[in-house]
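First chain A sits with chain B, and in the next complex the same chain sits with chain C.
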Partner chain A sequence: MTAIAEQQRVWQREERRAGWRRAGKRGLLYTVATLFALFAAIPFAWMVFTIFKQNTDLYNGKNNPFLYNDPPTLDNIRLLFNQTNYTTFVVNTIFVAALVVVITLIAAVPAAYALTRLTGRWGESLGIAIFLVYLVPPTLLFIPMTRIVAELGLKNSRWSMVVVYPTFTIPFCTWLLMGFFKSIPWDIEEQAMIDGYSRLGAIVRAVIPVSLPGILTVIAFSVAMTMHEFVYALAFVTSSSEKTVSIGVTTELIRGDVFFWQSLMAAAAIVAIPVALIYTLFLDRFIQGFTLGAVKG
Partner chain B sequence: MATIEVRGLTKQFGDGPPAVDHIDLASEDGEFLVLLGPSGCGKTTLLRMIGGLETPTEGDVLIGGRVVTHLPPRARKIAMVFQSYALYPHMSVYDNIAFPLKAQRLPKEEQRKKVAWAASILGIEQFLNRKPRQLSGGQRQRVALARALVREPNVFLLDEPLSNLDAQRRASARDELQQFQRSIGTTTIYVTHDQVEAMGMGDRIAVIDRGRIRQIGTPKEIYDDPADTFVATFLGTPPMNLVERDGLIFGFRPEHFTPANGSHSDDVVRFQFVVHREEYLGSERLLYGEIGSAKAVARFPATTDVELRIGQPVEYVVARRHLKFFNPRTGERTRD
Partner chain C sequence: MSTATGRSETPAIAWSEDADVPEGRYLLDRAGLLGPLMLLPAIIYIIGLVGIPLVLAVLYSFSNATVGDQSINWVGLENFRTVVQNATFRMALKNTILFAFVSQIIVIILANILALVLSAEFRGKRLVRFLVMLPWTTPIALAVLGWFWMLDNVASPIDALMRMLHIIGPDTIFDPKARAPILDIPFGDRNVRWLSKPDLARLAVLTVHVWRTLPLATVILLAGMTAIPQDVKDAAEIDGASYWRQLIYVRLPLLAPIMAVAVLYGIVFTFTDFTVVYVLTRGGPVDSTQVLATWAYFKGIQGSSLAQGAAIALFLLPILVAAAIVMLRLARRSETA
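So, the complex of A and B:
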């Protein structure tokens, strides 16, 4: 009986220890997760608080940036919409992003498909070569690009960005999509051909739907790249009516050494928050997409 | 229903020996024809050429007497089940099965009827709303078969459809598959490297080695009358014993290899057999040893008592009618 009791005690002790270890692990996990959440959320919160602050409140260094010491105001948003072409910037951004996405998909999907499926060993090296193109920075390329844009007669037009942005979105997205296509078994496509479709039909019915996470990832990347691109836009476009958000607000809300911080923050938040929400809604797909691409790429 | 025939079919990948080397093969209508051979012998390549997924380097494929060598897969009216089952992961089981019907632009109502029919034959009605990833291996196989069945193809091409199943499932799946083929009576070409499957299921077996057909025949013919030493040793576990003697290779099955027990019959050939090891398998016993320097195996039902003297030569005999003779240079059968 003593042996059994002894055994029981040992088990109980072990169990308690395991319990503590579990609790410790969980606590650590939550702490880290909370820190990350704060890290991601605080800039947004700061932005949003800043938007409605009066100058007297904002520029007093002793004030807490997360409290309103003077009553909040909508003046800054009014300034953004009435004294700059902000609406036009947003429309231009959407315009450029949409066209860039379309062009990127039209070029990158077939290219990535061909590189993974049809060229055998060469595909891989060509894919890497294409990716290297992406690594050449715009700060180097904008000078020759300016000439090309001028030759095409697109100087000072939003079309210049539509033409130039795919030079970096296509290589990157092709490379990204190659990872996705590699993870899709050939069999599915051949099965679709047996089941009665042509190769093109098989790609459209079987390959594209399965690679939807990859395609969504590519769309997200293209949009994000278009939205934050700065160097080309600054080099090609000067008139206010053709600007995108990224250069529009920075050139028109920073006048000499005067920064219209609240309006700048409003301009950034108005485009960033919807994008963040869309990302969050599609998050599952995205994570799946990113990891798939990461493992296979 | 239709027959399948290939004439001088060859496939060369790059340089090196061809994967499929001038194969001639003709099925009968409604036949269950098995392609059997070791890994890498070109079975899949042959099947893919019949299906139109691979272009032959040379030769022709005929389905129902019509040359289809240059037709794309969709024009051949065939159904193929891949080793991986190749279910569409983003579609429900229902949509998977209906997929070939969609390709034919069949009216929705008719699609529904046909899917229900195929699903009931294979007993998967209750899974129609699931996604493939929610199914077990055996269920996936049945979905793949239902998808193949639903378009009422001229021929079925099956590439090792059972290799993803565990041993127990495989035995029952073998049975189901054979009954299924018998009941629909569609000409079927079945690829496997598993001789048990081949022997158990095939009306006829084509044994393939390095891209060539070594022998075609019923399971009994292939087992009892192998055309060469490759076929003789590829079939049977353990395989046929081969012993070189008098400028010939003598071949005999382990089950025909028995102790002489002092008999003086003239109808037998005698061998001095040295046993090294015994294997007890429940229903039978295997004795591993050597005749001269050649390895040999004897096999007995576990019920017979055999005196065991490990390491010492014992006289064993084989009845003459169970002996096959092969040419030692070519490995081919020399008619006795």
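So, the complex of A and C:
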């Protein structure tokens, strides 16, 4: 009897210990996750927190900066939209992004299809070469590019960005779409061609509809990349009526030593957060492209 | 993968014998013609607006082109000689290497931890994932603006916190009257003024690089982790390997190639970055955080010496060539695998 009771006690003790260890592991997991989340998000949290501060609150050195000492206000957002060129920047960004999407689709969709279906062995190698073009950074090309833009008569115009941005969206999106087209079975085109469509007809009527998720991904990334680009825009455009958000906000709203911090932060957050949401939605596709298909997630 | 490419000429389909098909359609139905035709727009774009600028970038660096006079007169290595003799250039080169490599060493360590966390299941994981991705997914300039405000000379919340904890301010342990200042940090001041001291400004740029590229490395590693076959994990489990042994002897070696990919992208993106330094410090104080990309901009565009700017930017090329070679190797490996 005592032997059994002894055994049970040992088991109970072991179980309790395992329970503690599990709880410890969970605790560690949550702690580390929280620390990383804080590190990533604090600049944004501070950004958003600042937007609603009144000037009297923000510029009073005696105030606790982590509280709203005066009631929060929307005045700074109103100032941003009514007294700065912010709306112009937003409109320009949408204009550039929309046209970049169109150009990217026109070039990347057929290219990706050709590389996966029509060019045989060297298609794959050429595809990788095109992807490597994406890694050639704007910081290496912006000096001669300013000259080309001037030659094209686009200096200081938002059209300069429309023309130049596809240089990085086309390579990346072609590569992404190649992955999509590879996963579409041949039968789809074959069936369409048996039904009497030409190859082009088969592509338009059978392949494009099933690759809509891929095309959507391309649209999302072309928009995101347009928003992210900085050095070309800075080098090409100087007048504020042609600027996009990224350069407009950082060059126009920061004037010498006079900062409208709250409006500046509003300007950043209003654009940054929607872009981040879209990007996160398509992140897995992005990574699949980046790992060269070496990893199938 | 090669099954698809192997079949490119095969589909023998009835339409080729269809008498109703007009001539033009015949032509366009031939893969050998339609393929190159569909590639044309992309190829024209890439040759015209990446190939030509790349050649021009090299030509400029051997010429005396300025913003005013863009004719290309050969001057040999003169630009490189002038550029290399410039102390700011040497500082920029040193900073570029320092920022890229140090940040990626830190990133790969942190990314392994973060990827391990995100591969576990827990409550609120989607929110955590969204938050930790923010630095990568938000437009760079706007994200860096957040740090610019965090590190403000007067209103930095970091300073405020340190003041509350009595780390900075008069009569604290770091009062310069009490002991010699460490680095260049006048902790006795009311404010640290992060972006006004060379060492601290460099630390700030480095931190922002780590902050911004950590999400990318993490998601790449996560993708690699899901690709480790379950039976390998099971085998290690059955053999009775402890968690740490599994981590060191099974997971990390299997993850090594994908870690290389993550580091490679990290180095390429930080090495060639312009925006972080431009928005945070404009290369200051007194050029102490200047990197190749920003220095090329200040010389080439603002200083209007296209030739010198191009010569400076050309120093970005070797790292890219190296990266391209590694990528090609990896691609070949994944093809044979």
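We adopt the following convention: the second predicted complex is superposed on the first by the 208 of 297 C-alpha atoms of A that agree within 3 Å, B and C clash if a C-alpha of one lies under 4 Å from a C-alpha of the other, contacts with A are read in each partner's own complex, and residues count from 1 in each chain.
Basically, a contact is a pair of C-beta atoms (placed from the backbone, for glycine too) under 8 Å apart; a residue touches a chain by one contact, two chains touch by 3 or more.
Please read these numbers as outputs of a predicted model, since none were measured by experiment.
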Output check: A:Val210 vs chain B and chain C. Expected answer is one of first, second, both, neither. What do you get?
first
Touch count on chain A, higher of chain B and chain C:
C
Using the superposition on chain A described above, determine whether A:Phe39 touches chain B (first), chain C (second), both, or neither.
second
Counting only touches as set out at the top, which of chain B and chain C does A:Val10 meet: first, second, both, neither?
neither
Taking the superposition as given, does A:Gly196 touch the first partner, chain B, the second, chain C, both, or neither?
both
Using the touch definition from the top, say if A:Leu74 reaches chain B (first), chain C (second), both or neither.
neither
Looking at the overlay, does A:Ile188 come into contact with chain B only (first), chain C only (second), both, or neither?
first
If we overlay the two complexes on their shared chain A, which of chain B and chain C does A:Ala23 touch? Say first, second, both or neither.
neither
Considering only touches as defined above, state whether A:Val231 meets chain B (first), chain C (second), both or neither.
second
Overlap of the chain B and chain C interfaces on chain A comprises residues 190, 193-194, 196, 198
Where on chain B is chain A touching in the complex?
51-53, 72-74, 78-80, 82, 84, 86, 88-90, 99-100, 103-104, 147, 151
Provide the residue numbers of chain A that touch chain B in the complex, in ascending order.
185, 187-188, 190-198, 201, 205-206, 209-210, 212
Residues of chain A defined as touching chain C within the complex
26, 29-30, 32-34, 36-37, 39-44, 46-47, 50, 58, 61, 64-66, 106-108, 110-111, 113-121, 123-124, 126, 128, 130-133, 135-148, 163-164, 166-167, 170-171, 174, 182, 186, 189-190, 193-194, 196, 198-200, 224, 227-228, 230-231, 234-235, 245-247, 249-250, 261, 264-265, 267-269, 271-273, 275-276, 279-280, 283-284, 287-288, 290-297
Which residues, counting only chain C, touch chain A once they are in their complex?
1, 4-5, 7-9, 11, 13-15, 18, 21, 25, 28-29, 31-32, 34-39, 41-43, 45-46, 49-50, 52-54, 56-57, 60, 70, 110, 113-114, 117-118, 120, 122, 124-125, 127-143, 145-147, 149-150, 152, 154-155, 157, 160, 211, 214-216, 219-220, 222-224, 226-227, 257-258, 261, 265, 268, 272-275, 278-279, 292-293, 296-297, 300-301, 306, 309-310, 313-314, 316-317, 320, 323-324, 327-328, 330-331, 333-335, 337
